[in-house]
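Quick notes on the structure that follows.
Letters are used for the chains, namely A, B, C, D and E, taken in the order the chains are written, and counting of residues starts over at 1 for each.
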Amino acid sequence: MSATQFLFWFLSILALFSAIMMVVSKNPVYSVMWLIVVFFAISGHYVLLNAQFLAIVNLIVYAGAIMVLFLFVIMLMNLNAETEPQKNKWLKIAGVIGGGALLLVLVASLKEADLHNRIAETGKGEIGLIHNLGMVLFKEYVIPFEISSVLFLSAMVGTVVIGKKD
Amino acid sequence: MPINYYIFLTVALFCIGVAGVLTRRNAIIIFMCIELMLNAVNLLLIAFSKMHHATAAVTDPNAGINGQIFVFFIMVVAAAEVSVGLAIIAMMYRNTHSVDVNFLNRLKH
Amino acid sequence: MNSIITSAILGVIMMFSGIFLKKNSSIAALAILCIVVLLVMSVLDMSGYHFFPVDTHNMLEFEVFGLLINCIVFSCTLAYFLLNARDIASVGNNPGEYFALIFFVLCGISIATSFNSLLMLFIGIEIISIPLYILTGSDKRNLKSNEASLKYFLMGAFSTGIMLLGIAFLYGASTKGSFFLDDLAPVKSVIASPMMMTGLILLLISMAFKVSAAPFHFWTPDVYDGAPTVITSFMATVVKAGTFIAFIRLFANAFFDIKNQWQIYIAIITAITLFIGNITAVFQQSVKRMLAYSSIAQVGFMLLSILTLNTLAKEGIILYVTVYNVATIGLFAILVKMKDFSFEGFNGLAKKYPLVAFTATIFLLSLAGIPLTGGFLAKYYMISSVMETGSYLWLVIFALLCATVSVYYYFRVIQAMYFKEGAAQHLEIGPGFQLMLVILSLIIILLGIFPQLLINRLYIIYI
Amino acid sequence: MVPVLLIGIPLLAGLIGFSLKDVAAKSWALFASLLTLGVSLVGICLPKDSRQLLFNEPWMGSLNSHFAISLDGTGQILCLLTAIAFPLIFISTWKEEYKKAHNFFGLMLLSQAGLLGVFLATDALLFYFFWELALIPVYFLASQWGGEKRIAATFKFFIYTFLGSLMMLIGIIYIYFHTRDHSFALSAFYEAHLLISTETQAWLFWFIFIAFAVKMPIFPFHTWQPDTYEQSPTAVTMVLSGLMVKMGVFGLLRWLAPVLPMGTYLWGDTVSMMCIIGMIYASLIAMRQDDLKRMVAYSSIAHIGLICLAVFATTELSIQGVMIQMFNHGINIIGLWIVVFLIEKQFNTRKISELGGLASKAPVLTAMLVIIALANIALPLTNAFIGEFLMFSGIYSSKATVYNVVFTVTAAMTIILSAVYMLNMVQRAFYGPTNALTEKGVDIRMNEKFVLGIIVALIIVVGVYPEPLFRLTQDSVNAVLSKMYVKP
Amino acid sequence: MSNYVYLVPLFPLIGFLINGLFRKSIPKSLSGLIGTAMILASFIVSAGIFFQVKQEGFQPVTITLFQFIHAGNLTIPFSFLVDPLSTLFLLIITGVGFLIHLYSIGYMKEENAPDYSKYFCFLNLFVFFMLLLVLGSNYVILFIGWEGVGLCSYLLIGYWFKNIDYDNAAKKAFIMNRIGDVGFLIAIFAIIYKFNSVSFDTVFQAAPSATTGFLTAITLLLFLGATGKSAQIPLYTWLPDAMAGPTPVSALIHAATMVTAGIYMIARSHVLYNLAPISQTVVAITGLATIILAALIAVKQNDIKKVLAYSTVSQLGYMFLGLGVGAYSEAVFHVLTHAFFKALLFLCAGSVIHAMSGEQDIRSMGGLKKYLPITHITFLMGCLAISGIPPFSGFFSKDEILTAAYGKNPVYFIIGVAGAMITAFYMFRLYATTFLGNFRGTDKQQHHLHESPSTMTIPLVVLAILAVVGGFLGVPELFAKNSNLLSHFLSPVLGGGEGSEEIPASTEWMLMGVSTILALSMVLYALSRFSKKPELGEPVGFAKWMADKFYVDELYDTLIVKPLNALADFFYQIIEKKLIDGLVNGTGRLVQYSSRQLRYLQSGQVGGYVLLMVIGTVLLFVVQLFLRK
């Protein structure tokens, strides 16, 4: 059991556990917290896979900006546990079953995939480094990069349109 | 690490997210669950990129890098979506002082 | 490339127009001007004048099919603006932004019609979706509008998740480890690996969601119903066309060789879509909501083209998209002018507005697929493309049975307009509006008799 | 050129008609229909091989469909019928006041264009187009100017026929893909059966036949008919029953029997039985009808049943009989409708039980009616006798079935039944003492006398000297027969 | 002369057209005149033809007017055949027809102008069709006339259309004829199928080649047609009702001419019958049954015309007996004589009714002898003739048939004679009750009583003379060689009277004697019984059965009419409305219903939607898993 493996298992279990906690916890604030934990765990995985740049971006964008935004909104609306009265058991059960079923069929349809000898190499490989990524991003991927500006623009406009009081 | 581990881990995370979407009624939480799904996918993509790298590194040093680029773009889009989504939720809240999706039933049948 | 960049720029222009132009009418006029420009650009693009020689690194691939669709979509938008620009502007307080968003959507569409990499597909779809979330909710005071936009957003995001998972699996399965459509299909074999199938199905599902095919259509009725009618018109026609073409491109360019492994899913989805769309539409009491379901039903027919992906299908889908868009835009344009969307609202319309009623009849007949209207030939192309394959006859029969059902709800409107007595509600419409309607109905009849006019464009290549 | 005119005149006239004043529209429609009649007469007089009778231009390139129409064979006599019928209809309903008359006559002319198109088209897709073009105007006519239950009734009719024609469309496309060079041309269709296996023909047959069966209508598919006839304005009912039902028979003769000979042969017995059941069934029901329109409707079902039966008998006599009878039935039933129309207009009732004793009030009308009624029960020296005689003897000598004698005998029962219901009607409506309602009955006007006179003249002339009709149809009979299959 | 044969039917047609088209404008006198004149004209022509045909070595000629039908290789010309048989019938039709037209002028004069000319126009039309019937050179033309006369009888029975019962009678007549006609038609189809032609000569030449079974079938079908037209069992019940028409019509159509069409047709196709012995037997037996049945019914009828009607039926029975035993010329001979005396009787009845101002019930007559001398005498002649008292015409014709029957089978003879006795009985019951005794009607009728005008009496006298002497046209060979002019005249067509050859002369004398004596005795008995006190009370027991016509009509009603109507109602109410239409509308309702249910999927709950989407996804994957297996 190498350190890598240990870390892998630890991060995986952490991710799964906190993901579940995020789903089940009554209080939205807790959910946010648990989700942040998930993100950290996933960033850990990134590091493990030697994708530092994305690990950092993940922390900054998700755990940082996005989750703070969430937290901010939740605080703003001061939603807490009792704002979500627990009714309609059946939908919950159905939901859990649905999620489980999806998991089941996905696993079932993937298990024949012959990937036993394929491995995702951990710890080495340069592609995750910002230098390489940057090169590729601004060479082959310049078009999508530019176009995503349109996306941001529309998102911005939209947010303003929706958000501003009138 | 064998790729299967990552696959099953991410699929599990994804399905937890789905289950969350199905069970929770607070719009924000649902949205968070969706973000969880996206993250699961990100992890999977990176795992795959490393897998492809492992297989083709000799011929092409940058093999599999586009997976990570894709993740980058997913994050971009996710950020944009979050801003819009939260704006919409906020608007909803302004009008109906609730974010419970079960109260969204003026439109049906 | 012309249309992508132009539409983005025009979007920005419209965005700022709000600052300089105060009057809604002038903004509308500007919008119309812009769309004309865009249309011209795309037409030039088709005729071989490319103003933006950019190396896309094979991210985008411009072929006649996609460019033609661009032209069609833009001209439909032009018609839509000519009919409804004022109404768009008066949806809320920031008209300029609405037009800007619409142009961004068009940009997304022109990406979706020319993508050659899953990344571009993803971005294109998102650029289409995100502005639509906003537009749906643009009538901010209206709770229905809010609700619609929230529903749309949540489910849209969810389907995005599914799409991404699918893309991830396809990426994993592709031997070269790339997102280019050409690299996705298995190399010199027609057997897809399990992982690829998984990814394919997930992608299929998300696309089905975007084009609102059952059982992933549930957002459609509510969103179409809740959104401001003008916006609904846009979503139901232009957007649907764009996303659908993306759907076709994806399957035609990436998975054509392994057709026989996914056809069955398309067939299933088609059958369910036709059934749910048509049957549910029968009982609707509001014409707006009925049209939402009918749009689902129409998608059912369009899906047949994805099932076969042969020449007839390609030609047919062009015709179908055009005719369907024109007819639906016309109907919604009339609907926008109405207060009461119920079937009773149409009673006696023929007496008060004979011309409007007549054109509406043409549109409805076309949607129902009655000969001499384009709708018939469109459906004809679809089913004959299926029959050419020699299999799936059951699907054809089923589709036609459903078409018969569709006659029921389309004709309810005609009956209301012509044969039912009632005080027709007052619509404030000018001669220009009516003229536009007449032109649209003429187009439909023309295409119903000479589809060549449109289809031959496919084979005129300047590039 | 002639066929183009035949379709073009009513089409344009109809479109123009929409924009005319109500009064003008009436005379305009009459003028146009007379013009069409003239053209059709010219067309029939032209030599059979004249270039003027053909028109063929590429239409939908990628589908290899042509705008091909030609005035030949089976089409001729039906075009003649259509061309004759419309002026008669217009004149006989001259006094009727329609609101929005210009729309009414415009639609009428459009439907005429559609009908003529159906009878002229030699391209399957074109045929299908006209098939629907004939239907749509009639739908609007019926549900705009019809009786109080019109919307439901006509909509039922529309759905019924629309479904039928969609099934036919499947059949057409299927054959299209099995023609040698993917073409819709009639000639190509006639060769298609060489490439279609017998089993395929067996199921394909029903796809196409269902459309024709609904139009005719044949027994289980007939329930739209009485309601529609009852609810439609009489002028439209005349079009429906006089001409539209012929579309079914015509389709059978031109687009089904020769195209799928094996299928037709295999199902011959089944269809024949349906026809016979329908004949007896409809005749019996007609006996018990009190509403004139319904009575005539059911009688028409019985007659058409016989015609269809004769088609499947596949003998020279029977087919010849069918050709003649299509024409005759059209004339006779239009005559009947005119009488019904006159009665309804005068007493605004169609209940036989409420009438009576008209003979003493309106002797001319009665005389006309009696003659038409006699023609309807195929009395010798009336036109229908020629047709039915030939059809029956054809059915008797049919080689296509082993039950020919049984079929003939059972079908012949309707000869008796038809006499029963027709005479019942004549007696109860026209004979006997007058009642309060019919007391103040008056005889018919000049224009009505004129129309009925023409019809009666046609009935007698054709009944005594059918030679011209024989000459007109002989070739097409042989043509059809040569393509049909009979076990050697 | 025979080349102008088309004139014969042409004249009545012209008369019909004139009277029909100008019925409003032309005056009564004229229309009657035209009608009668036309018939006279065609009588003259036919007479001319007769004399030509009568010469030795005359060959039958066929005059083709135009091609009527030709389809495929079947051609049916519209052509006439002139030979002794048709010529004879021409004479009967035009001759008797003329007299009756003449009579009608007087009889119908109360009618107002349009109806009067309508009457003559129908009557002319009838003659036209009747001539077509006998002249036709093939079965189709024959059939045209056949149905045509049926039509005319329909129109004339319903002449007084204001009376519902008359209309019903007319309808009944037409429909019952129609039933027979269907048989006829099918026979024609079969003939076409077999011989690919319908003209008599072709068919008869080819006949021997056909199988007996086939011929039997055809002949039976033809016979069915004959029973309809000539009122034999089972289709006879329309004839008595047909008496609703004006009396001259009854005389012409329902006694002299139309009802004998059946006999003509069978005599015409005797070649076929000779080849089908079974059919012959059927014909003979049907004839016998009809003789007895009708005669029995006639005994108890009190309506003067009804009695005559039933006697007609029973006399027709004799003719069929003759045909059945192969005595064709004898049968035709009886047609001839019957035409004379039955027409006479009807016309007399007419003049009686005329005198009694419409009264037809003999119970309220009596003692008319002194009021209507001419009528009385002529009527008596008629009675004697029909009862077969020598030397009146009826005796010869009937006796020859009976002799022939004896030759075939003695039982036939016995039954025949029994029929003859009953005939003699009821005829003289009628005579006695009507003319003897003293008047039983109202005083009003009594002093209205008067002899009819000359236009009516002249035909009576003429016919009476014919009825007396007509028999000498066919004196049996027994009395003198070649005395049977008629059978000699007809022999080219029908061959010599086969019936009588093999019977020795003595037997024949004996038979003749027996029948004569029996008939005579019945005459005397009837006279003695009814001349003083005619029975007026209601009949009881078997007599009631006879009086009520053995309830045949009621039987038909319950067996056929009622079930048919019930079936029709069942079809309409249950099958049509409930089943088929139910199915059709049911489909529509099903769609509506499923629509109403299906829209509940659209619950409005995002959670629900997503759940359904997930389920859809799962299902697609499940499908995929299955497919992969």
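Criterion: a contact is a pair of C-beta atoms (placed from the backbone, for glycine too) under 8 Å apart; a residue touches a chain by one contact, two chains touch by 3 or more.
Just so you know, these numbers come straight off a predicted model, no measurement behind them.
S.K.: Which chains make contact with chain A and with chain B at once?
M.R.: Expected: C, E.
S.K.: Just tell me the minimum hop count from chain B to chain C, counting one hop per pair of touching chains.
M.R.: The fewest steps needed to get from chain B to chain C is 1.
S.K.: Centre-to-centre on C-alpha atoms, which chain is most distant from chain C?
M.R.: E
S.K.: Hey, which pair has more contacts between C-betas, C-D or A-C?
M.R.: So, comparing the two chain pairs, more contacts are at A-C.
S.K.: Can you tell me which chain lies farthest from chain D, using the average of the Cα atoms as each chain's centre?
M.R.: A
S.K.: Suppose every chain is reduced to the average of its Cα atoms; which one is closest to the average of all protein Cα atoms?
M.R.: D
S.K.: Once you find the CA centre of chain D and the CA centre of chain E, what distance in Å lies between them?
M.R.: So the centre of chain D lies 37 Å away from the centre of chain E.
S.K.: Between chain A and chain D, tell me the centre distance in angstrom, where each centre is the average of that chain's C-alpha atoms.
M.R.: Chain centres of chain A and chain D, defined by C-alpha means, are spaced 72 Å apart.
S.K.: Could you state the distance in Å from the CA-based centre of chain C to that of chain E?
M.R.: One centre to the other, that is 79 Å.
S.K.: As a quick test, compute the distance in whole Å between the mean CA positions of chain B and chain E.
M.R.: Taking the average C-alpha coordinate of chain B and of chain E, the gap between them is 98 Å.
S.K.: What are the residues of chain A that contact at least two other chains?
M.R.: Where chain A meets two or more other chains at a single residue, that happens at 91, 94-95, 98-99, 102, 106, 109-110, 112, 115, 140-141, 144, 148, 151, 154-155, 158, 162.
S.K.: For chain E, jot down the residues that touch at least 2 other chains.
M.R.: Counting only residues that touch two or more other chains, chain E contributes 599, 602, 604-608, 610-611, 614-615, 617, 621, 624, 628.
S.K.: Determine which chains touch and list them pairwise.
M.R.: Inter-chain contacts occur between A-B, A-C, A-E, B-C, B-E, C-D, C-E, D-E.
S.K.: Would you tell me which residues of chain B are touching chain A in their complex?
M.R.: 1-9, 11-26, 28-29, 31-33, 35-36, 39, 42-43, 46-51, 53-55, 57, 61-66, 68-69, 71-73, 75-84, 86-91, 93, 98-100, 102
S.K.: Contact residues on chain A for chain E in the complex?
M.R.: 91, 94-95, 98-99, 101-102, 105-106, 108-109, 112
S.K.: For the complex, which residues does chain E have touching chain D?
M.R.: Counting only chain E, the residues touching chain D are 66-74, 114, 140, 143-144, 147-148, 151, 154, 158, 161-164, 167-168, 170-171, 174-175, 178-179, 181-182, 185-186, 188-190, 192-193, 564-565, 567-569, 571-572, 575-576, 580-581, 584.
S.K.: Help me check something: in the complex, which residues belonging to chain A touch chain B?
M.R.: 4-5, 8, 12, 15-16, 19-20, 22-23, 28, 31-32, 35, 38-39, 42, 45-46, 49-51, 53-54, 57-58, 61-62, 65-66, 69-70, 73-74, 76-77, 79, 83-84, 87-88, 91-92, 94-96, 98-100, 102-103, 106-107, 110, 115-116, 118-122, 125-128, 132-133, 136-137, 140-141, 144, 148, 151-152, 154-156, 158-159, 162-163
S.K.: Across the complex, what residues on chain B touch chain C?
M.R.: 3, 7, 10, 14, 17, 21, 27, 30-31, 34, 37-38, 40-41, 44-45, 48-49, 51-53, 55-56, 63-64, 66-67, 69-70, 73-74, 77, 80-81, 84-85, 88-89, 91-92, 95-96, 101, 104, 106-108
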